[in-house]
Amino acid sequence: MALSAAACGGGGNTNTSGSTITFAAPVSQTGAFGQAEGLYTLQGYKFCQNTLNAKGGINFGGQSHQVTLVTQDDQSVAATSAQIVDGYNDKGYKFILSPYGSAGTTAVAPVVERNGQVMLDSNGADTAIFTHGYKNTFAVLSPSSTYVTTIIDALAALNPAPKTVAVIAANDGFSQHAAEQGVKEAQAKGMTVVPSPTAYTSSTKVAANATDVSPALIAIKGLNPDVIIVSAHLNEAVAAVKQASELGIKPKLGFAATVAPPTPAFISALGKSSEGVLGSTQWVPEITASDSIFGNARAFLTNFTTTFGWSPDQYPYQAADAAAACEALALAIEKAGSTDASAVRNALVSLKADTFYGHIEFDATGMNTNKPMYVIQIQSSAFVTIYPSNLASKQATWPAVK
Amino acid sequence: MSQLLQAAAYGVVQGGLLGLVAVGFSLVWGVMNVINLSHGALAVTGAYLAWLLNLHFGLDPFLALPVVAIALFLFGYALQRGLINLVINAPIFLTLLLTFGLGLVILNSLQLLFNADDRTIETSYASQSLALGTVNVPYGRLAACGLALAITVGLAAVMTRTRLGHSISATGMDRGAARLMGIRARHVYAITFGISAALAGVAGTMIATVGSFNPTTTPGQLTLDAFVISVLGGLGNMYGALVGGLVLGIAESVGGLVLTGTWVNAIAMAVLILTLIVRPSGLIGKAQYSGRVEV
Amino acid sequence: MSASPLALILEGRKRPGRELLAEWVRTRRLSNSWAAIALVVGFAAMLGVQQVIEPGTMRLLSAVFMFVALAQAWNLIGGFTGYASFGQVAFFGLGAYITAVLMNNSHLTFWLAMPAAIAGGVLFAVLIGLPLLRLRGHYFAIATLGAAEGSREVINNMTPVTGGGLGITIPTFGDQAPTPYFGKPGFYLAFLILAALSVAVSALLARSRFGYAMVAVHEDEAAAGAVGINTTSVKVIAFAVSGAIVACAGSIYAFQQIEFYPSDVFDPSFTVLMVIMVVIGGSGSILGPLVGAVGLELLSQFLRINLGSYNQLIFGAIIVVVVVFFPQGVVNFFRDAWRLRRISLLDNIRRYRL
Amino acid sequence: MIAPSAPADAPVPILEVRGLSRKFGGVWALRDVSFAVAAGEVLGVIGPNGAGKTTLINLITGHLRPSGGHVLVGGIDVTKQRPWVIAHDGVARTFQIVKPFRGVTVRENVAIGAMHGNHRDRSVREALETADQILELVGITHRAGSAPSELSVADARRLELAKALACRPRLLLIDEVMAGLRPQEIESAVGLIHQLRESGITIVAVEHVMKAIISISDRIVVLHHGSILTSGTPDQVLSDPRVIEAYLGHRFARRRAT
């Protein structure tokens, strides 16, 4: 079956089969992201490829084109990702799906730009990627600047809303940018940021991937913030929750963190201590839009989790990002009616599509404009959507700490 | 002030845990002149073992310690006997490279077996803490610290009072002479490495209990910590690892509070380098093996 | 005093440099110039290869060339001089950041930024070399490791200048670019030249008085001092030349990458790879690091491309096997085997086992 | 600045040590040792194990730093100078425990001395030529291409001497080059030292082999517990009852008597 969203894909079942189209991606199979975020991203790409092909591939010019996914391990090293993408260019692979993470995507973006390839960014959220005027990189996901602001918005909507928050941030681009915007949002909502609004750049800044964040926690001990927000990746967030308990630091209302809580690894690393933690996420299964490939968000979740053996309560959202990136590329190719990279790029610029991932539309910098972020809470070891309220599946347990 | 006290208290218990990580590493380095880059991987192997025992049999991590220690001892013994002894007389780089390769094999196997997710062993007590006024001392790290102290004292007693200990230190100081005394170096080395692996396993179990671990970033971090601590404390000194661990733990905790950002890490390295320049034998005493006879 | 042969020897010759140069030119033969010829032929061959390969393959080979330079650089201090630095990546990161900061913040051309990076590498080598090269063995290793980790943290925290953990970008697009981007053929050439220069510098040093001084320092510093070798300056110069090469590699690498973070260019695995390449290839020679770098980088890429999740596991296992069977390095093993007309891996294992 | 102790018109001694002392931990290895060596002289230094002989050499060549006192070479104070500076002043030495450069051949070992020592050869090629001449002089030309580890004890000592000679010293300090050698090897070594002396090199020889030291020395200094017990011509020293009693022991005394 063809993609319904495509304007020119009228042929449907009668299409003859055309040449296959290659989507190429550097993926992290070993190293820090191997068997973790890198794997989830790869699963998302694979799921997209399989589903797409089962539904008849990409249709244009009266032919249906199957998609081949080509991947190579980048060992979780950014320079290797870039090298792989250059290698793909030799083989004529113009359609690139991003590696996992901001560092890898940042390294690949200029390569794609020079080679005239097109990249769909699934999991690189650092706003820095979009400030260099790259024309060939398009991100389906929301940028880093929204990760903490959405948490603040969710907190402001809760009852009781926090009056004071503390922000701990890792020393990496993604986390610092997220914290910066988050602090502004908190102040706009009338919250007090302790120990100071710039603490995330000094006393509550922690090393990226730190497993000991006690100095930052001690810096806020005694200040009794209502909520502690951790703008960081998994290691730092896990350490923050554990060590806060060790140090007798109890936020009055609860904990929130950016990318860590909506990952199964967060629950496995914290066990019961993960209960009640809020986390911002790129995708939730309650999203209402749908498309003809994956169906709606709930159907995506059901089919994806069955295919790869995940629990529907704990799913890796990175896979949804990946599948959405892959889908956006397919839609653009169909819209362009061609496998010419610049035609596809132009099609991406004007793409407007509703998908299981929500509305996809790119602005001049390549960001998915107006895509909202969502907030989940961990309840009984399951991700529960609590924000925005129209998508909330359950009430938030609030205050989260007893 | 109360923040400083809290930081100091946390630094002490954290330092004990760090000492536990380093004690086995320091032993192997001192006795065999081998810098074991797979030490962190062995610790994480122990952590997975304790985690599995907890997951499937509900075994408390402290009760799992003997099982982990014995299993890791046997693994370590076999590694030394079957592999590391093959290049033990080679220049230091070779054992370094061998253990680096070994570490890659171990941690990639773990990653493929258990995936790369962070794991923890959940207990009802480890993340609780003893409140002394405004200062909280976490039980889990306190226990780990006590364990480090007990193990260090025990190891020192073994080394100074038992036949085995004498064999180990004699082999460490002069292998040729030890051989003349009828000590089987192959066996003694294997036992030494086995003990070190067992201690690594114990440390890994404690880390799994008070924090979390994964097969990708934890091993390298632990090996680096052990490396730094062994040098700080003084090589081959039985109490060196503990002292080095405490120094590092307190410095990171208090320094992290006083200095903004992550400058503390830069300062820690500066302290390390200064220690090396001023007192290459470590912060306490003279190194036991400084007069080593190389054969 | 009689003019006995001994007295003549003891008096020594004091010939002018011009005479020595003339003699050097006169004595050039095929037999004593083969290394230089091989280098030129190799360089030309790689230029030829460039004409027939795809740009992406050029990038892969650029990485190989870079590791050739890095391995040669490490070999100068770790192999010849016997000071195993575990912090050479500090020079790499420093070179990368000096280049990026100058090109990004000061809009300086690469042709000034790269020499500045090299100068920075030399300066840093002298600054940390003077105190640290007094330490021996493991203590030097751990101290240099500390220096590398420490310098990464300094870069990480100098946010206003370096961008800190937020990374840094070299402007390469449009009229913002202080130097037009080289592109893949350009970087292939840049790394090839760097590799060839590092091999040439190593080979020239190895055959010079300085080369013998490095070997003497490696074997015995007291004895080296007794025959008039200024051990301090030999060590510092070897460290500085090594640092200069690594900083230059870091500089070119930074320009090639465009955007990077401190953790990318201070990654300790760069140092580990340098050590592995030199030791497995055969330390203290010119060919050893060359063979080690080319062999291991190609092997690592091959495994990465073909073995998926298992590639690092197999790579680790290969290191273990090579260390056990070729403890003196592959090149040294085959050289000895050729000399003795006898190949025996068992002899090899017997040599170092307990 | 140190004033010369000799009268102004007397020739400056090539080596002078003044009040030289060195402490290890709390123990004096050498205490307040003073003597002078005139150009062209051969000075023997004897003493039992632990008397401080090797420490004395290490202090003169800068391999150890003195706890007190001064070393003057050709009237110039070189106390606390680094070893290579002293080597460039024309002072060469051998090591009691031989220290060859194991990574290179015997010939290259000697060449390293030739290219870095006092009158430095300016190219490797020249240094290798010099090495060949010196190897012939000390009689190990046939081992030129060998690795140092393959040498016999006697040849290793010769190599040690060859390395020192390659530095073209005006003052040569030899530390027990004859220990453990067979009688005929000692004889040839003695012959070589005589030859060196004739070519104008001043020699300070620390030696255990009595017969050898007597035959080569103009004067002998006896060290005991880090201090000078006595000094004088070989005959004076050997007939000194303190030396015979306290140091040389009864066996040697008896042998002298018969």
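A, B, C and D are the chain letters, set down in written order, and residue numbers restart from 1 in every chain.
Everything that follows uses one rule, which is that contacts are C-beta pairs under 8 Å (C-beta built on N, C-alpha and C of every residue); 3 or more make two chains touch, one makes a residue touch a chain.
What you see is a predicted model; the values in this text were computed from it and never measured.
Chains that count as touching both subunit A and subunit D, per the definition above, are C.
Chains making contact with subunit C as well as with subunit D: none in this assembly. Ranking all chains by how far their C-alpha centres lie from the centre of subunit A, first place goes to D. Two chain pairs are in question, B-C and A-C; the one with more C-beta pairs in contact is B-C. Centre-to-centre separation of subunit B and subunit C, using mean CA positions: 33 Å. Chain centres here are Cα means. That of subunit A falls 40 Å from that of subunit C.
Look at where the CA atoms of subunit A average out and do the same for subunit B: the two points lie 37 Å apart. Once the centre of each chain is set as its mean CA position, subunit B and subunit D turn out to be 49 Å apart. For subunit A, the set of residues that touch two or more other chains comprises 30-31, 34-35, 171, 201, 207. Taken residue by residue, subunit C touches two or more other chains at 156-157, 159, 309, 312, whereas all remaining positions touch fewer.
Shared contact sites, meaning residues of subunit D that touch two or more other chains, are absent.
Contacts between chains, counted with the stated touch criterion, involve the pairs A-B, A-C, B-C, C-D. Subunit C makes touch with subunit B in their complex at residues 84, 131-132, 134-135, 137-139, 141-143, 145-147, 149-150, 153-154, 156-157, 159, 268, 272, 275-276, 279-280, 283, 309-310, 312-313, 315-320, 323-324, 327, 349, 351-354. Residues 30-36, 39, 76, 171, 201-203, 205-207, 209, 211-212, 214-216, 218-219, 221-222, 234-235, 238-239, 242, 245-248, 264-266, 268-273 of subunit A touch subunit B in their complex.
Listing the residues of subunit D that touch subunit C in their complex gives 61-63, 82-84, 87-88, 92-93, 95, 99-104, 108, 111-113, 115-127, 130, 133-134, 137, 163-168, 195-196, 198-201. Within the complex, the subunit A residues that touch subunit C are 29-31, 34-35, 72-73, 75, 77-80, 82-83, 86-91, 103, 106-107, 109-110, 113-114, 126, 128, 132-133, 170-173, 176-177, 201, 207-208. Residues 54-57, 59-60, 63, 156-157, 159, 164-167, 169, 172-174, 181, 183-184, 253, 257-261, 263-264, 267, 304-305, 308-309, 311-312 of subunit C are the ones that touch subunit A when the two sit in their complex.
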